[in-house]
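Letters A, B, C, D, E and F mark the chains in the order given here, with residues in each chain numbered from 1 onward.
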Amino acid sequence: MTRSVFVGELTWKEYESRVSRGDCVLMLPVGALEQHGHHMCMNVDVLLPTAVCQRVAERIGALVLPGLQYGYKSQQKSGGGNHFPGTTSLDGATLTGTVQDIIRELARHGARRLVLMNGHYENSMFVVEGIDLALRELRYAGIDDFKVVLLSYWDFVNDPQVIAQLYPEGFLGWDIEHGGVFETSLMLALYPELVDMTRVVDHPPASFPPYDVFPIVPQRTPASGTLSSARGASREKGELILEVCVAGIAAALQEAFEPIP
Amino acid sequence: MTRSVFVGELTWKEYESRVSRGDCVLMLPVGALEQHGHHMCMNVDVLLPTAVCQRVAERIGALVLPGLQYGYKSQQKSGGGNHFPGTTSLDGATLTGTVQDIIRELARHGARRLVLMNGHYENSMFVVEGIDLALRELRYAGIDDFKVVLLSYWDFVNDPQVIAQLYPEGFLGWDIEHGGVFETSLMLALYPELVDMTRVVDHPPASFPPYDVFPIVPQRTPASGTLSSARGASREKGELILEVCVAGIAAALQEAFEPIP
Amino acid sequence: MTRSVFVGELTWKEYESRVSRGDCVLMLPVGALEQHGHHMCMNVDVLLPTAVCQRVAERIGALVLPGLQYGYKSQQKSGGGNHFPGTTSLDGATLTGTVQDIIRELARHGARRLVLMNGHYENSMFVVEGIDLALRELRYAGIDDFKVVLLSYWDFVNDPQVIAQLYPEGFLGWDIEHGGVFETSLMLALYPELVDMTRVVDHPPASFPPYDVFPIVPQRTPASGTLSSARGASREKGELILEVCVAGIAAALQEAFEPIP
Amino acid sequence: MTRSVFVGELTWKEYESRVSRGDCVLMLPVGALEQHGHHMCMNVDVLLPTAVCQRVAERIGALVLPGLQYGYKSQQKSGGGNHFPGTTSLDGATLTGTVQDIIRELARHGARRLVLMNGHYENSMFVVEGIDLALRELRYAGIDDFKVVLLSYWDFVNDPQVIAQLYPEGFLGWDIEHGGVFETSLMLALYPELVDMTRVVDHPPASFPPYDVFPIVPQRTPASGTLSSARGASREKGELILEVCVAGIAAALQEAFEPIP
Amino acid sequence: MTRSVFVGELTWKEYESRVSRGDCVLMLPVGALEQHGHHMCMNVDVLLPTAVCQRVAERIGALVLPGLQYGYKSQQKSGGGNHFPGTTSLDGATLTGTVQDIIRELARHGARRLVLMNGHYENSMFVVEGIDLALRELRYAGIDDFKVVLLSYWDFVNDPQVIAQLYPEGFLGWDIEHGGVFETSLMLALYPELVDMTRVVDHPPASFPPYDVFPIVPQRTPASGTLSSARGASREKGELILEVCVAGIAAALQEAFEPIP
Amino acid sequence: MTRSVFVGELTWKEYESRVSRGDCVLMLPVGALEQHGHHMCMNVDVLLPTAVCQRVAERIGALVLPGLQYGYKSQQKSGGGNHFPGTTSLDGATLTGTVQDIIRELARHGARRLVLMNGHYENSMFVVEGIDLALRELRYAGIDDFKVVLLSYWDFVNDPQVIAQLYPEGFLGWDIEHGGVFETSLMLALYPELVDMTRVVDHPPASFPPYDVFPIVPQRTPASGTLSSARGASREKGELILEVCVAGIAAALQEAFEPIP
């Protein structure tokens, strides 16, 4: 039992012994249930940050909380839009409240270091608000040393050489990576049984006008739901991404929380 | 991919083909992250209803949504109290909002049949409120045929013979079953690697006055966090419970939603 | 004026002289406006806890706040369901907010001891949440010695001999007591003019499946609205219940708040 | 039983037979628990509108709902301020939510005519908001014929001759009537046992600058809590006020609920 | 740049140097977007308090925050009602939240003195609530010396001689001044290009029954939207009002923010 | 009066004649009160989108609503952080509620076309949520043809030739443009009296790690508050930006509000 990095798999005594001094880093994957094209399952945005968390936690001695399974509404330019069947999203206030409640509880346990690992772009600002409201409230309780790191794992893939390996024909931006080479490669490396490359729909990258329209115009999203083709995805690319993310995030957290003895 | 009963493991096209007609039963496990004594992990209230959902879904052709990982605050008489490290709970409004948001989205998908499978007693009324607010809102949208079943799986263990097999020395009520024979037996049948029977703390059943006090008096909860001893737990009992629950719930859902062709 | 135990009947000077030191117990009846069958008025759930509060207050020197007149939505298995005309219920957040606001104000007055006497089963968890939010907020204000007792008066009728006197043909559980022998007997003892025993509808105890359905199936509730027959009710039983409750609660409060000089 | 005008004293069958056609006028007293000087009890703002409602209901065949016992925060210029012990107030959102919830339920019963009888000046705008939110929501439910009258009973004392009888030395405005001649006279007529004229504190009318300060300056409120002296109060004046209010309101309601050509 | 009294026109360094010690008075105009008859623009309730703030700030060395452009829903008896095109109003909770948020931020800056200058009657109670919630929260943060003055500028026009000059034919009360002589005169003095006196609709003063009806009866509001005729308005009256308000408020603020012995 | 494009400067009759048919485009500037360095005023994020709205409105016959003066909390990587004096921000729920309320009101007026012109990056997602909640609610009211365009004016500066003119030494991304060449040039073109180029603090572009930390590390923001130097700003660049934005947005709106085949 005690070897697990997953908080849910510990007893409370094990958790207490790790967390009550405050220096243990806790990691919370923040995901979504969202369509990811014809070739991939819908819990990608939970599975990927959880897998990254697990590997980072193993390297730096952190613990991983149960991930948030539902996220904010899919936006057309980053996730295809919230009109797809299967995409199941929360109102902003619900996501914000969830983050606030969890931080309040972790602080009660004695924890003082939390990483929110985002796996779904649209979550970011509502998570930011949850953090802000929680830290404000903790100050009312006299706690001012609770520190939160918020990151999206893909922001650690920023080495031009790595980008060039992943996108030999040119990188078009994270925006349209939804269900594309990046996420599919990671899934091939981690959960190949949840990907079916024969169903990948090849289409040109989605392009959008420099404004948003509500209600959205569904035809602007490729019919498959992906914003760029996953045709170029491979297990090898996924393993590269994973190593880059895990190494980069582990280093970043040691910097952000130093000293971690 | 297509054999999974888990919504998160389907593509949106697979989900759409199952759900859009409205007759497919969707199941949502509603759990908690809560201490369960010295001998057992803290995600019991997610694992158990998810496992029951999975088996029921396989029998009746239903699908299982990603479970809610965090629940309402542990109460002393049913869960030992919310003062333990590790127990990580939501405010009532957050849980209610989560349920309401998910139902709104499922209705958009075309779904009309939902089962909320509760694994944590304290969730019940806030889930009820989420259902009520969602159905009210759906009526404003002109949808009045969305049907929800709410159940706690343990309520299907009501055959006196089964109770007698589980509790040969007498059953003391579900209230104090927190971390006791019932849940531990189920965990032994399903996730034995997350239980360590050598760490079971043997103590008399917890007893409480006929009122609640806030802030709670922590000493009224046994120091282990369990409300009755898990000493009598066994894999065989767990398998019995599982079969009784799965069979009972499968039958109940066919009755509640009949006809399921 | 000064002999009243009802806060509403005191001047603020009288109240201040009783409450400002913090040791005076304040009692808040938490009721509902809810159908109680063909034979009984709809404010039973306010009248009964108020009457119990009054008698307990007289014994232990407590004060009784104006009762909450509206409660949470009637549930089918405990109150027949919220579909009856006359039943007038609050959303959970409204009830929770009311409790939180009142506690905040009482703390400002200097009070430190509050009893919430529940008269309507469905209120419980939303009252719990109101207490929790209020005590959390009081801690931000530096107040950590405000103590709340929450109770439902029927939980003090637990002596098997008393139960046997009330239910000579066997007790079927509090769940289905809605509008039955228990409440009707109390009303006969306290407010006989609000009961008309000739209109009691005799029917077998309601029985429900081990799950809830929403929207409810109205036919599962007996047409009268009561969940068991009040035929066996009597003034004598009501007086017995009243004495048992008052004595039990008075003793419990002295224990819970001791020492009350 | 059936002669009562109080909804709480009816059975649901009686209520249904009166209300389900929609033409029965329902009346909701909206009060407060608020200090009213050294000479008078704290539930004046509930007792008075309830008494007016009762008498109006008897004249026009209306019904009276259980009154709201707690109101919005006392303001210095109209109620002395919210700093007094005993004054127990709700946040605005709680009062608004209570009104909204009750209207939603009454509409479900088939009611279409509601009078909110305010007894506490500070409630008004939060009640307005509750009405507005409720009617907006009812329109989503397809109900657009629910009609609400909101009134403060003192606004019907507007005949100069009556004013002159009540205030032979000149009327100084409703603002400073808190705990003064008006309310005290009504209490003497209705609940003389809750008034002790020997404790009236005689002081000049309160005067305030043309602005509000927060936190308030407590010294600006007369120490007794009343804003003008109740010395001139009498039972006769109370009976006059009562008759004027009841007659005026009964006439107004008959006008207000007539079809408007 | 530095001569401006408008916070929005300062750099943060200039603002910091003025505000961080806490003694600088900050002024927040609270307005509305609301119809004001056929002859006048719809942002009157923003323009007027902003202009008064500016002049007061110049006299007493205060600063003026960007005004709130949207206010609470127009009520029939004070603003004609919220059914007019153009009138664009907030829910109460939104206005309350805006005030609370701004106060929280000002306190963070070190400010301790704030004036809320209301230009729209209906805002008052929701602003009061925002102030109350903000000051409560500041106390949790250990700040108890933040002082707020709330005023409506017209309350400073209370000298009978001035009233007589403005209303030689008699003053009928502020209630029906909406779009009438008072506001129109001020606009003529300040923004004559936004008034067209040829379009003034002359009508008798509006009169209303002593109760409110919801939904409102639109015919009770004069068709022009004004509650009294602006025919008697003039630039000279506007200049008089402006001088009276500015002088009165400047004096009041110096009094209000003096140390109270 | 009637030539103004500003809604606030119209009478309600003028507004009604323009808006009630639904085809008139309404534009809402969404700004902030936020530090913009030592050399520039704090209401830049209101002034700029308002100016763009005004010019676009003149070209396409639209109207401009009063802008939102306060926005969401400044984030370190896009606005320097919310710890600066003067920066005065709203909670997310307040901004979301404001947008929702305004849309509800505009729909009541008969409007069906709204542009939200964002001037403060951090607002975006809370505005998105406000739009989503409003359109959801409008559907409950039976309105499904209300169309919203959301844009940030800088997203229309995307022509590489224009970028090259603005940033001859290379463009570093919008993220760090806070208070830099882009905004300062626009202010020089529009409000030169609110800029003091002699106070520009020259510093290298801010650089941040690929994660966020809360509470922020203030030292990571340049002490001036700007994220890149405004040294290269000029009136000519501002005029170029303005023309590019106005032309691009005017064209985009004519496209966006065309019937979509």
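Here is the rule we use: a residue touches a chain if its C-beta (ideal position, glycine included) is under 8 Å from a C-beta of that chain, and two chains touch if they have at least 3 such contacts.
These figures come from a predicted structure and were not determined experimentally.
Undergrad: Given that chain E and chain F are copies and touch, would you call their interface same or different according to whether over half of its residue numbers are shared?
TA: Because over half of the interface numbers appear in both copies, chain F and chain E meet with the same residues.
Undergrad: Averaged over CA atoms, how far is the centre of chain B from the centre of chain C? Could you give it in whole Å?
TA: It comes to 29 Å between the two C-alpha centres.
Undergrad: Any idea how many Å lie between the Cα centroids of chain A and chain C?
TA: Distance between chain centres: 47 Å.
Undergrad: Spell out, as numbers or ranges, the residues of chain D touching 2 or more other chains.
TA: If we look for residues of chain D contacting two or more partner chains, we find 91, 93, 140.
Undergrad: Using the contact rule from the top, write out all pairs of chains that touch.
TA: A-B, A-C, A-E, A-F, B-C, B-D, B-F, C-D, C-E, D-E, D-F, E-F
Undergrad: Going by the contact rule set out above, which residues of chain F touch chain A in the complex?
TA: Residue positions touching the partner: 72-73, 75, 91-93, 96, 122, 124-126, 128-129, 131-133, 135, 147-151, 155-156, 158, 209-215, 248-249, 252, 255-256, 260.
Undergrad: Hey, which residues of chain F end up touching chain B in the complex?
TA: My answer: residues 139-140.
Undergrad: Write out the stretch or stretches of chain A touching chain C in their complex.
TA: It is residues 137, 140-141 of chain A that touch chain C.
Undergrad: How about chain D: which of its residues touch chain C in the complex?
TA: 1, 6-13, 15-16, 19-20, 33, 35-43, 46, 65-70, 84-91, 93-94, 97-98, 101-102, 105-106, 108-110, 193-194, 196, 199, 225
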